[in-house]
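Chain lettering (A, B, C, D, E and F) follows the sequence in which the chains are written, and residue indices restart at 1 in each chain.
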Amino acid sequence: MSRDVATLLEALPYIREFHGKTVVIKYGGAAMTDESLREEFAKDVVLLKFIGMNPVIVHGGGAAITDHMERLGLEVDFVDGLRVTDAETVEVAKMVLVGKVNKDIVRRINRYGQPAVGICGDDGALFRVSRQLPGGVDIGFVGQVDHVNIDLLHHIQDDYIPVIASVGADRDGQSYNVNADNAAGAVARALGAYKTIFMTDVEGWLRDPDDPTSLVRQADVAEVEQSIDAVGGGMLPKLRACLDAIRGGAGFAHIIDGRLPHSLLLELFTDAGIGTKIFP
Amino acid sequence: MSRDVATLLEALPYIREFHGKTVVIKYGGAAMTDESLREEFAKDVVLLKFIGMNPVIVHGGGAAITDHMERLGLEVDFVDGLRVTDAETVEVAKMVLVGKVNKDIVRRINRYGQPAVGICGDDGALFRVSRQLPGGVDIGFVGQVDHVNIDLLHHIQDDYIPVIASVGADRDGQSYNVNADNAAGAVARALGAYKTIFMTDVEGWLRDPDDPTSLVRQADVAEVEQSIDAVGGGMLPKLRACLDAIRGGAGFAHIIDGRLPHSLLLELFTDAGIGTKIFP
Amino acid sequence: MSRDVATLLEALPYIREFHGKTVVIKYGGAAMTDESLREEFAKDVVLLKFIGMNPVIVHGGGAAITDHMERLGLEVDFVDGLRVTDAETVEVAKMVLVGKVNKDIVRRINRYGQPAVGICGDDGALFRVSRQLPGGVDIGFVGQVDHVNIDLLHHIQDDYIPVIASVGADRDGQSYNVNADNAAGAVARALGAYKTIFMTDVEGWLRDPDDPTSLVRQADVAEVEQSIDAVGGGMLPKLRACLDAIRGGAGFAHIIDGRLPHSLLLELFTDAGIGTKIFP
Amino acid sequence: MSRDVATLLEALPYIREFHGKTVVIKYGGAAMTDESLREEFAKDVVLLKFIGMNPVIVHGGGAAITDHMERLGLEVDFVDGLRVTDAETVEVAKMVLVGKVNKDIVRRINRYGQPAVGICGDDGALFRVSRQLPGGVDIGFVGQVDHVNIDLLHHIQDDYIPVIASVGADRDGQSYNVNADNAAGAVARALGAYKTIFMTDVEGWLRDPDDPTSLVRQADVAEVEQSIDAVGGGMLPKLRACLDAIRGGAGFAHIIDGRLPHSLLLELFTDAGIGTKIFP
Amino acid sequence: MSRDVATLLEALPYIREFHGKTVVIKYGGAAMTDESLREEFAKDVVLLKFIGMNPVIVHGGGAAITDHMERLGLEVDFVDGLRVTDAETVEVAKMVLVGKVNKDIVRRINRYGQPAVGICGDDGALFRVSRQLPGGVDIGFVGQVDHVNIDLLHHIQDDYIPVIASVGADRDGQSYNVNADNAAGAVARALGAYKTIFMTDVEGWLRDPDDPTSLVRQADVAEVEQSIDAVGGGMLPKLRACLDAIRGGAGFAHIIDGRLPHSLLLELFTDAGIGTKIFP
Amino acid sequence: MSRDVATLLEALPYIREFHGKTVVIKYGGAAMTDESLREEFAKDVVLLKFIGMNPVIVHGGGAAITDHMERLGLEVDFVDGLRVTDAETVEVAKMVLVGKVNKDIVRRINRYGQPAVGICGDDGALFRVSRQLPGGVDIGFVGQVDHVNIDLLHHIQDDYIPVIASVGADRDGQSYNVNADNAAGAVARALGAYKTIFMTDVEGWLRDPDDPTSLVRQADVAEVEQSIDAVGGGMLPKLRACLDAIRGGAGFAHIIDGRLPHSLLLELFTDAGIGTKIFP
């Protein structure tokens, strides 16, 4: 028994370091689809809030969107890992993200004793989005976050855990799907977050995506910039979002393996940490 | 020209009366489906906010839910005007209400210069819902609001227009569809609203639903109670919600014809008002 | 009926623009002496307050002072439009302005539902005044406002409409009569007012005072500076006050015809506006 | 020298007792007309404010009103010590009280380093007045204070010394002259003042007005009630105001001889006190 | 590693329960004299503060006082476990408690990252003490706390950990030594503490002080009252203090074995808890 | 009698000047050891607080420390007026200063009606101290204040009189004795005190310590800097502290004769003042 309370005390230096700090968590992958990991994630986030941190969650919901589109008989297409998104697709994506995925997260967090509030880029005009043209190709209503209006977050983040679905609208009120990594980086930048944590389905940033031993344990911004041209797949938007957040004034960024139970706590409360750490 | 500014002044006694007052608006029917009426509604609400009222919007979205269910090939069934709701239906209803209808309202309001925040019964644990058994019949995940936790509204209503989708969860986190009239009444009661306004697709409360000349222009709570057994259809939940709100401490309730352009302003800013007024 | 509420909505863009803004109104001329215009003015000001603006009223009271002096058998004399003011005159002027004109305005405004507070340059040491020597001529206790201490205004302007009589004292406590245009400009400058509106008995700034068609509809500060040497009469202190306010950081200045009913609302809530607009 | 600082310390128990307390001072008589006493009064009040009390001054201005009426050739008439007041008289009284007497007090206080704000019953709707009919006789626009709205005082009394001229209006906006003793009692009652001090031109309450040795040094409310039928002249409204204040929850009332230099400080800061003390 | 973060989560229900709650800790015995336990205690308290509790520490310092008295060649005498205390003894006791023991605790806590403030019953007039006459015997300047003025605690407890030495003065300013159990109970009562924890050098409340297996694991107030006549030694003031606190509105009281490392955390963060729990 | 209240008014200009100002008082010498002067000092400080100043007291306690060391049979040694301080000495000094001298001052002040709070450099990490090496000689645990963390003072100084004992700890938590003049200067500098007053047992700064007629009535910082090499004894740390405070942004410094009754009031409330005044 005495063994266990000692563990609490080992966390003390970390609790002290993170007290009052904002941590933006890009939530996704297995941690969002596996039932058991979802429960653990909700508990972990509530714990962070109770011990004095300000967690802010940003999520997408790729798999759930694809599922629902297939149920509707809609075609699913990707270019460079970005979903080709016509008007119908953006509407479906928004319904699924905001009306299902987001509220599922909110309800789970509520149950563990800290109330959450689920919002998207429309609420309080949180995001201003513009059309993204990857490599000059128009893939429809896929946007990037140009501006984050943190006023609504200031109203709620002391007493609630904000859960942000990565959709938003442009100046004309047209809705866009937004890559959640991009949204998380923009939110972290706007809040000057102490940490930005990207939960993925890989060990971290692998120099060779097929070789788990090629994990980069840490890198500074300059190193990321030098290497980024060689990066592809889903890691590219994550690294770009890390750069965006850190250059804009946020602190450390982490890419961690969300498939591990309590990956968030492992990263925050152990000396070794897990995954890849990127520092300014 | 001088004619027009005089009109502004005619509104002065109403502006004075309503200043700082909370008005809960059950939004629905044609005002929510007709493109032009939707725009007018958003403008009207923004005007109310600018002149010092606190509008709070509660909405359902029956037609949009039915549409989407049909696209998914799901069966649509009603008992006593309440949708029979299995697990799949409640999930679809929530997606449509929260992820589409709610955010459409939010975006329109944002555009006219007062930011809105769209929430549902899950956010900040706003609603606690229990299963509704109309006439003892189990029609699935259709709930009624047992408790409204207005804490989140207090955080946002000074600076934002809250837009509430009428879904929520019970103590176990199970989601329910909630009749929007019921939800509006519960919110009005919890806030002690000065006015609760139900926007409908009829002239108001008609003694004989087929006879527009049978409109009840005003009635007090006792009169409604005496007459309610004879009421059926969609008017029944509205009248029940009026009673619920007024008995719980809210002020006047109004059932108005949302098919008229600017029905909200007509009710609030003209001597005659429109529709049915119910007073304590 | 529907026609009238539409008028309310036409005002929406102006209400949005002026929300939370401070408007300093130099009140005088027919609008202050004609019984019907006085009532309308009070209503207009109350309306502005209700819809979220912060009106601040500055007034003189030339006609009433002259009346009372004549009743007392005192000699009335003017140099360049400025009253020659001996010790007895300044005392009478102050009594009439502060004890009669000011409180009449306050009581009228109170009646329409927004409380007003009448003060003069002495209260809270609002004005520090020094002797004015127009063209080097000593015309007695006629002063100009050297400094406005807005502390008292900050205490009251959120909840009351300040009504300021244009008299004040110098460092030694000697009272002075102050031209109300000068006082209004100084107050607008100190508050960084969004608009300063001078209510006059002419159409606006007329190039040729005898030719109503010579109205200057708008001019920037540079144009006013170039033309001011040619200006005389009562328009001169108004234009000087406009320059003073705008150079000191206030926004637009307007010279309007207070003889028109609701001239204030016409200027603020119609596209065309009325009179002369001076911009930075 | 050491002798003098010792005096400061003798005041310590009184300073302690009065710290943070509200003292309503009915200012009048010689203390208001004698130049030297006026200066001393201003200094005394400023001292009270600096050492942590909240002085609130209420004043009339009988002599100055009579003077001005005579200059205007108006008839001056009294019934039972109350001025017969037609419409013209009330206007003149208000001008003199508010525009001259009140601002003179304000300016003097300002000069000693604590800003004052001069208001009357119109400002912030401070007084609601109704017609007074002494012995059923209509003597015109002479009113009594029915209600004091202390909201404006709450806005200013922490940072300013309120100076209140005893005039006000009825519900219809008609102005009335108000006996300053009556007004002071009403203000003290509304504020729950710790002390109410009436400055007079006699030694205090004399059982026999012609015999200075008949001074009542102290009395409780019951004793005043028993004796009041035998009281006449200017002492009557003062005793009535004392009763009104104390019955309404204010603390001690004092009737002191304002002809003595620093009578206020003598009452507050010496063991013996001066004049008559009335306690609950 | 994953094992350790799981321990953190096991604490989550307790963290949730105790969040924002005040816990008064009577600190004494081995936990205050053993160097290693002292360090652990400081860490434990800092952890409690970081995770959102409000720990308030009350301590005596028996052993250190005796040591110093012996160094000074003063006689040390006890009656019923209470130190016989002449004027010289109370002065020495105060010096040792306030000037040495208290500041040692403060400095240790500071080092772990949450600032502490050491006070005694004199500061902010925290304690009003009266002479204690155990069994009618006068043992000198030994007092009991009659009143706790928690105003100073309200000024500091949000941002600092208060550390209170159990000495105080009576109305005349005479200092007294106060039994720390008594002081802790009085502080817990005044604050309405959620928990009061007495750290001792025994396993808890033992029915038979010589038989560790006679430990009372829990008891309600009625049971303690029935048994208290049979209790002697140092346990008596602890049980009395428990009764005092709980009757006065505090929540649970605990008597725990401070000789165990992290006894505080074991009590708070394990299901079993340790020692004796007394509930209302 | 009237004579006495006039004295109060003579203090008015000073009360005005000092209102809201912070005055750091180095308390020591006869004013701290003579029973009658101690009482007078407490009264004086309470008076300053009541009339709106913020007195902050810093004290040492040389004589009491020496007394207690002799009682313990410890050797007392001085180098250049600084006590040679081994580990045992610093512990004794701290006990005496914090546990006896400090609380005596606190209790006396409390009695006159303004609550005091006694703290030392440990509380709220108020002082960070480093070892002082006068002339390069190691005299043990004698430190100087490198940094003052005024956060705790901000929490308490509005409502309490802070009384600071001049001991503190270095970064490692090692305690040091600190010269009280040095501590007072550091506190005054950190607070930007309006006045720093050093109470001594001499008339002020004497050019020739043996010649009372050589008193320097006033000097600016430059003059002190030029003369300081010739200064020795206890005056040297006082003058250094004056320079430290003033260079760091504090206002005037005064060295006064604490043997005079009410020396503090004499300095503050008479034109002549007493002792030496040093200005920027």
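The criterion applied here is as follows: contacts are C-beta pairs under 8 Å (C-beta built on N, C-alpha and C of every residue); 3 or more make two chains touch, one makes a residue touch a chain.
The structure presented is a predicted model; accordingly, all values stated were derived computationally and were not measured.
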(request) Return the chains common to the contact lists of subunit A and subunit B. (result) none
(request) Count the residue numbers both subunit C and subunit D use at their shared interface, divide by all numbers used there, and answer same if that is over half, different if under half. (result) same
(message) Centroid from C-alpha atoms only, then distance subunit A to subunit D, rounded to Å. What do you get?
(response) 69
(request) Would you mind pulling out the distance in Å between where the CA atoms of subunit B average out and where those of subunit D do? (result) 56
(request) Chain touch graph shape: choose line, ring, star, complete or other and state it. (result) ring
(message) Can you give me the ring order of the chains, beginning with subunit C and going next to subunit D?
(response) C, D, F, E, A, B
(message) Quick check on the complex: what are the subunit B residues that touch subunit A?
(response) 68, 71-72, 91, 94-100, 102-103, 106-108, 110-111, 115-120, 122-125, 151-152, 155-156, 159-160, 169, 173, 175
(message) Going by the contact rule set out above, which residues of subunit A touch subunit E in the complex?
(response) 1-2, 4-12, 15-16, 19, 43-44, 46-47, 50-52, 112-113, 260-262, 265-266, 269-270, 272
